[in-house]
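Here is the structure we will look at, set down as structure tokens.
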């Protein structure tokens, strides 16, 4: 029975619950028409964001995908700003212009929610290049899905990063499906971690449902990269319990497979581990539920009350205003 | 009590068909549990309940097509709501996408000063220039109502009068000509109704003195010089315009332009092909006999299709009489860019009170359609009363 | 010019005069015993011009009071026969 | 005033930038050891070293994406895409990241990036290497598009562009590199206005980039026939200096646009629409366009010459414009 530090354990559980409840509320708000457009929920993959994200400092750069609610929450952007963005309000973290797929937070070097599959990888490589050229001990975390490994940009980016020994971590959240296409139906080599061998990039696969396994593997990799070892690839083997986006009929997978993976729900499993380690009480759970519930209700009220961006600002920020040039 | 609504299952969904309920009334349902299956155009989706509680009542029946946001079931909530459970809005808050509805600041109403390009070129659209050539209208005499005073096709059409059976039509076949004439009338009428805020006034005028005087006159006059009642009405209108001049002129661009001369346009029906209203120039200045001659001449040329375009281009007001078609009251449509139209109905015998006695008198209903941008009812009413007064002294017309 | 004219000639002349007033009208189809004003949509101006034409053609005076007798073709022909034969007498 | 080739002017501009600003670096295929496909960076590798003169793998999407990332990371990158033909592979990074980041993030990120791209036909390199797509790029809000045609602009526009906080795309017509011209270093070179290269009263020849010199030659030919043509060099396709081109058309009342791209949906079509909307009542005849034949540019010289706008073609087009516009 490995012992778990109670405070840290409760922190991890709290943040996984926080993402889960936030995403459940998003599903409800989407069905009520408050959230529109595309909505890709992170339910089932919480352990990856909660395990990996804290290993990066606020000086490091984060590039993520359209399934980035969890990453933004853990990175620290206030839930209020995320909910307001989902409502399309001017108080949103992108002033209502990005929506669910495009969360941004310059103060936390969170370079988005980028929604073109594979589109974020070259940008992450560039961010790492800038750090190397300016001799800064910073790293760049690049999250992407198993779908992105089919894009040319994945191979170009790994090659360039390895060639120039750039401080970037390629963090692949392999949830076994590229929208409706199972991994084995779009990849000749389904062991994604081994793809890094082609570019002489150290890599490993990790159980993406085990938050502590994610945490330790990522921490080790970040230290290596920060010391200048060049890029590192981690494949988190995880699974999404919900449709690719709201809503699809999930014709591409069986109910049995979904319920099988739900046996390894990252939150339920970790809850058991904490209980077995004697560091979790019923009271703790209630506290987490009510704290998370209050934060979500507050975020929803903040989003409801938020103003729409005035139409006069429609074309604001297409270009940088003159006075801002140094 | 919480209502379970048809959820929005996709960005373009407006309704869903209930395939089947997975729960029945009285069942307990947990938050996140599947409660029903719904068909959208794209697929059959299992939908979850967002509340924990006992199902009070299933409202929608399998097979029903339910609009998004409509109530499908009622759930009696129980169990501790986590934190402030936001009160469920009864219907889906389909916030109109406000960002998409542009709220343009009201355009300033100040009329744009007509901008003359440096070589004082005529601001006329190529197609209007071509139409002017076709219809024999000199564009330089036409006031443009387009952007910055530009002359548009409509300006040319209006300047060319409501109908143009002039020789320029000769090329087309009769049917083709008719269609084109109808088209031109249609354009003018549509524009009038669209742009001119009409108001309408009518009054009944005792014509006994006028008709008696007319019969006496025609006895004395050879048949070639006989007068018609219509000519009295036209002259009365012309003279009345001297006292209420604002009704005589045009609406140009954004302002009224009163005309110094009085050219009454007289509506003449061309039987199959519609209506034309050529102008009798300086109507107020001709004695009745002379006016009758010009009136006859204009009607004859209109019918033969040989009207001069100038007779078309500048009636300052139009008079139309439908008495002979058995109509008592005419509420006409103003011919743009004019600002008024006078209508006369049938002359009929009517009981009329004179000094408390009931007598029979020939009367006629005179109406005025006028452009409320230029004049208001007060001035219109005054005009009709002047026409009435003038018709009581036919000899002075 | 001899005053007396056969009925058929009078009728033919009346039709030609009417044709000048309403050039587009099809005179073969109108009923001679009914008012041509309605059938041909002849208004007071047209009718006055018709009366002037009749006056010039047949040199007869037509007071306004007689107008009612001239609204149909037969009426016209009958009126003119009376007027012409009367003036001969 | 120094006499030099267009290529030398480009090199002078880049060299000055590299010397003056340590954050500037050049990245692209064969820009280092090879000295640049068009020798615009000859000697740079030796002078500035491999950190700042970076030959890239043939991965256009990724090294343009890396340029974006490096710009986001605080560098001042100049990316050279060898030719516009290969830039198609990087269009996603350009449109969805470079041009969009600032607005979509609610004004949080600027992308101070310069991308130089050779364009145009006329060197018998056949269809795949002879495209002119600068018009496509001018369609995208969020970036600026320059087409320097003179030696002074080739250097000056690059230096001015380096002060821009937003992405700037500089299209250099491949035919111009070996052209001689006067370099006026004193002239302050803007990147927002068109220039009247030849004054005239009878017709406005509106063009940009490689077609400028053909248009000037045609104008001289027309002068001998007593036709006084004005030649407008747009210099910048976005933002388009509508005021200058309308001012010219309002004077001459006739316009011919010369654009080496294919006619349908060309930038010439945009200029024609701007004239119709802005100077409609000043036109004596329809605006006409002289563009490339709508055919994949052929290899054989006689065919290529026939496909491209040339001096005789411009003069004939002017005759048509003058006759049609009676």
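We call the chains A, B, C and D, going by the order they appear; numbering starts again at 1 in every chain.
The definition used in the following text is that a residue touches a chain if its C-beta (ideal position, glycine included) is under 8 Å from a C-beta of that chain, and two chains touch if they have at least 3 such contacts.
This one's a predicted model, so the numbers in the text were calculated from it and none came from an experiment.
When every pair of chains is scored by its C-beta contact pairs, the maximum goes to A-D.
Rounded to a whole number, the gap between the C-alpha centres of chain B and chain C is 43 angstrom.
Per-chain Cα centroids separate chain C from chain D by 86 Å. For the pair chain A and chain C, the distance between C-alpha centroids works out to 101 Å. Taking each chain's centre as the average of its CA atoms, chain A and chain B sit 61 Å apart. Across the assembly, chain B contributes no residue that touches 2 or more other chains. For chain A, the set of residues that touch two or more other chains comprises 96.
Arrangement of the chains shown, judged by which pairs touch: an irregular graph that fits none of the line, ring, star or complete shapes. By the contact rule set out at the top, the touching chain pairs are A-B, A-D, B-C, B-D. Partner chain B is touched in their complex by these residues of chain C: 22-24, 41, 43-45, 48-49, 51-52, 55-56, 61-64. Residues of chain B that touch chain D in their complex: 117-118, 121, 123-126, 150.
Listing the residues of chain B that touch chain A in their complex gives 5, 7-11, 31-32, 40, 42-45, 47-48, 50, 68-69, 82-86, 89, 92-95, 97-99, 102-103. Listing the residues of chain D that touch chain A in their complex gives 25, 51-52, 54, 56-57, 59, 61-75, 77, 92-93, 96-97, 101-110, 141-142, 163-166. Chain contact summary for the complex, chain A toward chain B: residues 21, 24, 27-28, 30-34, 36-38, 88, 96, 246-249, 251, 289-290, 292-294, 296-298, 300-301, 308-309, 311, 314.
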